[in-house]
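Two complexes, one shared chain (subunit A), two partners (subunit B, subunit C).
Right, the complex of A and B next:
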């Protein structure tokens, strides 16, 4: 039970960091390799709120969400739209955006290095035991897990019940057909991309309460998010959530029952198995 | 006419001003991570000390040459992105393109070892600090201009065991030790050398596991260690895991009498994050923060760089730069072979006390430190003065 709870907490954390990329890749079709940097920026905002202003890092959400949304909208509008326009096919767009955002990730690391310095940023917040089924867990992890459940739930609700959500789903399954039924594809894509960036930044705020980060650690989170998004099936938030849970629980099981040294191996083994037997991902559809 | 006179005076003044600042700066190359996994450590231990050192030398006019002139230092920085190939390229570039007079040793064991051949090839003295290995004998023989200052793997491992042994002999702890390590060259090497030493000292490793670098959830480790009910916990860890293991041990209330985490335990951020709850925590390194020369160092570090220095490799990095400084002034010019020879032959006054290289190695160094009353005191060393006695940890 203890192992499962722990795995669930870790899985929720993973879901949090993959949710932004799911939106960006699934709907806007941008494989954003600078996604992790957005997360680190959010984490830094929380760190700054806590250490410089002595307020709860969660207040950072109030200014991080609009800022991240605007920043990502600008990135999409001015950096990525030209690529989207000239791309003749889905494949070409993916290659172009991978290269562009890969470059962007270096630029962002450089900017953050200049702004925040290269040191670790770490602080203690809600680092107190919280009992679930009689064993202690870090309260900050539990809170991050709840936030993850809330954000996933909100996105789930938005995508499966609202009109905008329906448009986004249409975009995911077929961008060309979507434009035929009067969906403003560029605007919808920009919205999904910006929303994805904002969600990643919120993920960063949550993670910063229990992880030690520095300006150049973003790539670690991008990699993890990439694995989860691809495992879950591109563009399906249900798939991403389930993939994150599977990964979290599998890693914790391996760490607790076999050997903590094998967690990475277990994660990649799962990834390979999914790619081998269901290359389109757990919830993905075959490409059209 | 009046204007002309003014003009002449002005030109004359400019000429003389030009003359007095004509001393060409000594170019000092610096290669270390600003990004990548080791960037966080380098931002505390390496870069601020280079900044402090250059600032202090230039503030007093520069390094004194044998002809009586003073030459300021100019730092040329490169980010190696924690990638050995980049370190090598940057050192090469500094030697051939920038024509640096001297190069500060890189940061991290792997990056120092990777670039050692290039330092040797171009004849640069290579005073390695953040490099801990048991192969110092072999390496100094192969590279006659390489120096080591921070210690060896075995010394670090056996020092920890010695401290635990003393506690056990005093009846404060029992034989049960939980040991974990980060699965990276540093952690693996330390765990491998600690295992037989623990065994020989009669300790029982009731929990002995490794975890991959960058693991995001270490709670299975702490839960596993707790279940094995040890009285001592030893982690050969890197900064992010040092922070995470400590936080989790606190949350899980891992009730051990000796709690050791390796790198970053000596960082000011560690005390900043955990406050008084880390009283009694053991970690790699340590200094004697009460020594007057170190107190001056901490003060000027804060003033010049705006942040607090760490309690281990930071001051040692600064000391290694003092060695370079005193050797250049001792020789009186920038002849690298002469400076290297000077380092071998002379002793140096540094913030870490008097240093004399023995076969290119400093063999008196701090190995274990402990947080006692808000400062990180050296409690284990290979013969350093001012060592404190390690005490047991009394809860979180």
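Right, the complex of A and C next:
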């Protein structure tokens, strides 16, 4: 039971990361390997706000979201749009964006190393016990989970009921057809990419309230978010949420039964299983 | 073979002999400190390009294979003779590449990239876990009497081998199949080519070389630690160098390795704290401005000059 609850608490935050990546990869068609660095940047911002200015990480969300949104918009507009234009095919675009975002991830790690140094950073926020079903859990984890659930719900609502959300879903299923029904594909892609980056940064803030991070850890979270997105099926938000829960619980299981240092191995194990048996995702149908 | 083929063959062999004679120059310590990484990265980048050039699948796992090779030597150096260890390292590289390939190469390239992105980190976690729980100590000492010059000659031999293998693959049915796959995988499938199988075999060749390089380099470290052996920067540098040179020719990566290693030497000594940032920036510059590599650029230039000639006659 404890494992399940802990897994759920972790999974909710992972769902947030996966949503960010789904927006970037599923809608904007950019395989963003620098996603985890965005997360670490968000976490750094929360850390800085808390230690230097005594601002609660949840207030930090208020300035991290616009900043991350603008930053990601600039990245999309000036770094990725030329690649989108240059690409002759979807495959070419994939190769180019993978290389470009891989380079960006290193550049971002470098910038963060320069600004903050290479130490682990952590701060103590709401580190008091909170009881669920008679066993104690860190209050920070519970609050981060609730906040993530709230943001996920908000995104879910936006994507499934608003016009912009509908346009994004149209882009996910077919970008060429989307432009035929008067959807401004470049603008919508830029919006999805920036929104995805902002969501990832918020996910970083949530993680930073209870995890110890350092400047070069981003790649681990990129991996996890990618695995969740693939497990859930690219572009499928419901699938991503369930996959995030599965990953959260699997990691907690491995951490409590075997060794906390093996969480990535747990993620890989799931990844391999998905690749071998259901590469189209948990709820995906085979492409015809 | 035609006369020009013999000429280029003699030239290549001559260059290899020259490279091999380098350590014999007196007071060549500084020269060697440059030549050794050049030789190492040449093998890594060329073997990387063997796989990623024709298939367009970007492998980010060179560091993982390298680390595995280094660890094989580190673990076995006290019980098993060194040459046997090299064979074991190469074999474990093949096995690892085979497993990764079978899991991912049947599917689209994205899965492969993602898998290789975290592979080094995964193996690092596993090795750390095994060492913490079963062997007790974090690091491994590799104490041998293998000198720097000997490592260098091994690397030169490996370079020759990787070029030979690359040349043979290009002439073989496998190379022909790969060219078709690279141009259009659907067509390849209709021609009866087992494209997943071809890719797996090629990835195994590439992984084998990277693991052997790791094994060869292990005695130079004397002390091996997981975070050192499985550094993500190595995979990254190899990709940069290969792309800088150009992956469409066998000797393309070499053109990238030499200037980049020299440049890196300067950067690492003058801005030691900003290496990661500069690495990322230089990578972005290459992706945006010379996507086909220096060799691709040169070939374009030659082509346009040839095209320009008849035009100038008219004018």
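Of note:
Operating definition for what follows: the second predicted complex is superposed on the first by the 267 of 288 C-alpha atoms of A that agree within 3 Å, B and C clash if a C-alpha of one lies under 4 Å from a C-alpha of the other, contacts with A are read in each partner's own complex, and residues count from 1 in each chain.
Simple rule for what comes next: a contact is a pair of C-beta atoms (placed from the backbone, for glycine too) under 8 Å apart; a residue touches a chain by one contact, two chains touch by 3 or more.
Keep in mind the model is a prediction, meaning the values are calculated, not measured.
In this overlay on subunit A, subunit B clashes with subunit C. In the overlay built on the shared chain, the residue A:214 is in contact with subunit B alone; subunit C does not reach it. When the two structures are aligned on the shared chain, A:8 is found in touch with neither subunit B nor subunit C.
In the superposition on chain A, contact of A:138 is made with subunit B only, not with subunit C.
In the superposition on chain A, A:107 makes contact with subunit C only, while subunit B stays out of contact range.
Using the contact criterion defined above for the overlaid structures, shared-chain residue A:120 touches subunit B, although it does not reach subunit C. Contact with neither subunit B nor subunit C is seen for A:59 once the two complexes are overlaid on the shared chain. Once the two complexes are laid over each other on the shared chain, residue contacts for A:255 go to subunit B alone; subunit C is not touched.
In the overlay built on the shared chain, the residue A:82 is in contact with subunit C alone; subunit B does not reach it. Of the two partner chains placed around the shared chain by superposition, subunit B and subunit C are both touched by A:264. Listed for subunit C are the stretches 171-179, 207-215 or 225-233, of which 225-233 clashes with subunit B, judged after superposition on chain A. Subunit A residues 109, 113, 216, 220, 259, 261, 264 lie at the interface with subunit B in one structure and with subunit C in the other. Residues 33-37, 39-40, 42-44, 47, 180, 183, 209-212, 214-221, 223-224, 239-240, 243-244, 247-248, 250-253, 264, 267, 269, 272-275, 307 of subunit B are the ones touching subunit A in the complex. Those residues of subunit A whose C-beta lies close enough to touch subunit C in the complex are 31, 33, 79, 82, 91, 94-96, 98-100, 102-111, 113-114, 216, 219-220, 222-223, 226-227, 230, 259, 261-262, 264-265, 267-268, 271-272, 275-276, 279.
For subunit A in complex with subunit B, the residues that touch the partner chain are 2-3, 6, 9-10, 13, 109, 113, 117-120, 122-124, 127-129, 135-138, 141, 210-217, 220, 224, 248, 251-252, 255-256, 259-261, 263-264. The touching residues of subunit C, when paired with subunit A in their complex, are 56, 58, 60, 103-104, 107, 109-111, 113-115, 117-118, 121-122, 125-126, 128-129, 132-133, 232, 236, 239, 243, 273-281, 283-284, 287-288, 291.
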